[in-house]
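All chains are identified by letter, namely A, B and C, in their written order; residue positions are counted from 1 within each chain.
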Amino acid sequence: MAEIENLFSKVQHSRDAVCRAEGLACVRGAMPVFEGVSFAVSSGQALCVRGANGSGKSSLLRQLAGLLPLAAGVLTPPELARNAHYLGHADGLKAALTIAETLAYDAALAGHGDGSALGDVAMRLGLAGRDWQFVADLSAGQKRRLTLARLVIDPRPLWLLDEPMTALDDAGCALVGTLAKAHLQSGGMIIAASHEALDFADAELLLGSEA
Amino acid sequence: MLKALENISALYANPTRFMGLAAKLHMPLWALAIGLLAYGLYRVANVPADYQQGETVRIMFVHVPAAWMSLFGYSFIFFASVTALIFRHPLGHVAARAAAPVGAVFTLLALITGSLWGQPMWGTWWVWDARLTSVLVLLFIYLGYIALWQAIDEPIRAARAASILAIVGFINVPIVKFSVDWWNTLHQPASVSRLARPALHADFLYPLLIMGAAFLVLFLAITLTRMQMEVLRQRLRARAGKGGAAHV
Amino acid sequence: MPILAAICRQHMHLSWRSGQTVLAVSFLFIAITLLPFGLGPELKLLRALAPGLLWVVLAISLLTSLERLFQADYEDGSLDRLLLVPLAFEAVVLAKLLGHYLALVLPLIASVPLAGLLLNIEAARLPALVAAMLCGSPALVLAGGIGAALAVSVRRGGLLTVLIAMPFYVPVLIFGAAAARVSLETGLETGVAIGPYLGILAALSAASLLLAPFAIAAALRSALR
């Protein structure tokens, strides 16, 4: 796993960054989902959001990513979503593309056109030698690994991960853990929704506990 | 959960004051609409038959006000949507949604009466006359708007999508009108739309204006009733939401 | 800019890879092939109607190609990603529309001369017709994009897209067909005579370009909530 840790060796996020939420509320349709959610995550910290189905874990992450409006509350800094990666349930992968094409597109979206290091990324994520395989032919776990490539290719300080361990085997889960720890070490922040405990998390937020 | 519930009520039950006002306005508005309509129809029945068009001239007193209302209805939807989007007044969405089928029915009425009137004059049920054609396109604009409301299940999402369409569609209306008028003169340089020009003799003008006023009040009365129904329906939904929240 | 180019290229790539381009062009030719069965094979009649028919068939082919414009991205989560690209979402939307235009609409317009041949159109009228289509088609794509964006969350939203977009197509069809008509009447002076029509079509496209990206971006944003 050493080579994975090295992936972020050149990346250094601001050590003073803090992501703060105060009194967030979420309403879906006419249904209140949660209310009064507050937390702060500073550089190098990971927060694990837990709760039952329907408690609003995914909605909270979508709010943090700026995809869902806040029914109430304040998020600081306001440009939070601009510096965030959001990995949701829908993976945004295109079945008609190959792994190499997917990675090249990830790199282009990140703003660096040269794809020289992409083979390296694929190898480290356990997708080596599959460059010309179509995404349609990948297993759910392999697709998940492929989405992780975005985190590596485009280093952004905040990761918003929705059930990051879904569909992954033991090695895959270990991979996510290693990536997360390397990211935290370089000063990044993680907010992850999960129904099970995550070993890289420093704190837990329990949603839907009051009712 | 209390605060979140207050936010919902801001979205849904805020029209409390509106409901109070609507309850007061409801009866007088309907009485005025029916009274005006009855008086207008009486006046129309007593209009002398036209020396050219005979008894069919009476159709004009329905057709022309209906065509006015088709445009008024869409303008109403536009302004209600702008109010909803810019001033974030939830009642705007309710008003726009309530008015749409009413405007569409007036548009359909304008088309049917136009066709009925045209038949003896043109010898055919449909002519691609500039006025009829643009009213037909307007009907499609209405239908698209109504279909969009119905197709999206989630009410807030539907409301936003519909108001975007209402605004963009409103900009399109004069462009369609202009191009259809131009297209019509291109293809039929000689025949001028006769539906557009009623003889403005006082015998005709007053009944026409009374019918116009009757249709306007009728439009407002139906729209008001539909708005009351819509608010009640949303309150029911919000109440169901409250019940659902209890086990979260 | 390179990010926008990548989004545009990706859209073209996928349209081509998933066979959308071939499908749209095939649709155009199938529609053209059906016409003589409905109208009769009389070449004179087909020739007289050809410009109008070609415009209508182009518009319908374009409309049918629009259903999936944003829907695939909406369903697989790509739209979430595009919304998080650190650029104005309106620009991202324009990049996608440009990709759609290059991958689907240009091939459609390029097939018009061949389709016109099947309808026995005079070759001399083709340049004016194609020029009018080039000027007017951006408005068709942009207006169709509004329909596609508003209907994006609706399963089987194709018909809804058509219903929403159709009223916006009326002015473009009127002036587009008029340009083709004028080219018939004026013969040699065509270039001068159709100028105003091309101008109006271009103005419609420019107005759509100013307005549509905002409407589309707003519609997509609200669909993602």
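In this text, a contact is a pair of C-beta atoms (placed from the backbone, for glycine too) under 8 Å apart; a residue touches a chain by one contact, two chains touch by 3 or more.
On a predicted model such as this, the values are computed, not experimentally measured, just so you know.
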item: Chain with minimal offset from the mean of all protein Cα atoms; value: C
item: Most remote chain, CA-based centroid, reference being chain B; value: A
item: Centre-to-centre distance between chain B and chain A (centres being mean Cα positions), rounded to whole Å; value: 49
item: Distance between the centres, which are taken as Cα means, of chain C and chain B, whole angstrom; value: 31
item: Distance between chain centroids, defined by C-alpha means - chain A, chain C (Å); value: 38
item: Touching two or more other chains - residues of chain A; value: none
item: For chain C, residues contacting two or more additional chains; value: 225
item: Residue list for chain B, restricted to those that touch at least two other chains; value: 154, 156
item: Residues of chain B that touch chain C when the two form their complex; value: 137-138, 140-141, 143-144, 147-148, 151-152, 154, 156-157, 160-161, 164-165, 167-169, 171-172, 175-176, 178-180, 182-183, 186
item: Chain C to chain A touching residues, read off their complex; value: 2-3, 5-7, 9-10, 13-14, 17-18, 75-78, 80-81, 83-86, 224-225
item: Touch list for chain C against partner chain B, complex; value: 146-147, 150-151, 153-154, 157, 160, 163-164, 166-168, 170-171, 174-175, 178, 204, 211-212, 215, 218-219, 222-223, 225
item: Interfacial residue positions of chain A with respect to chain C in the complex; value: 65-69, 81-82, 84-86, 88-94, 96-97, 101, 105, 108-109, 111, 113
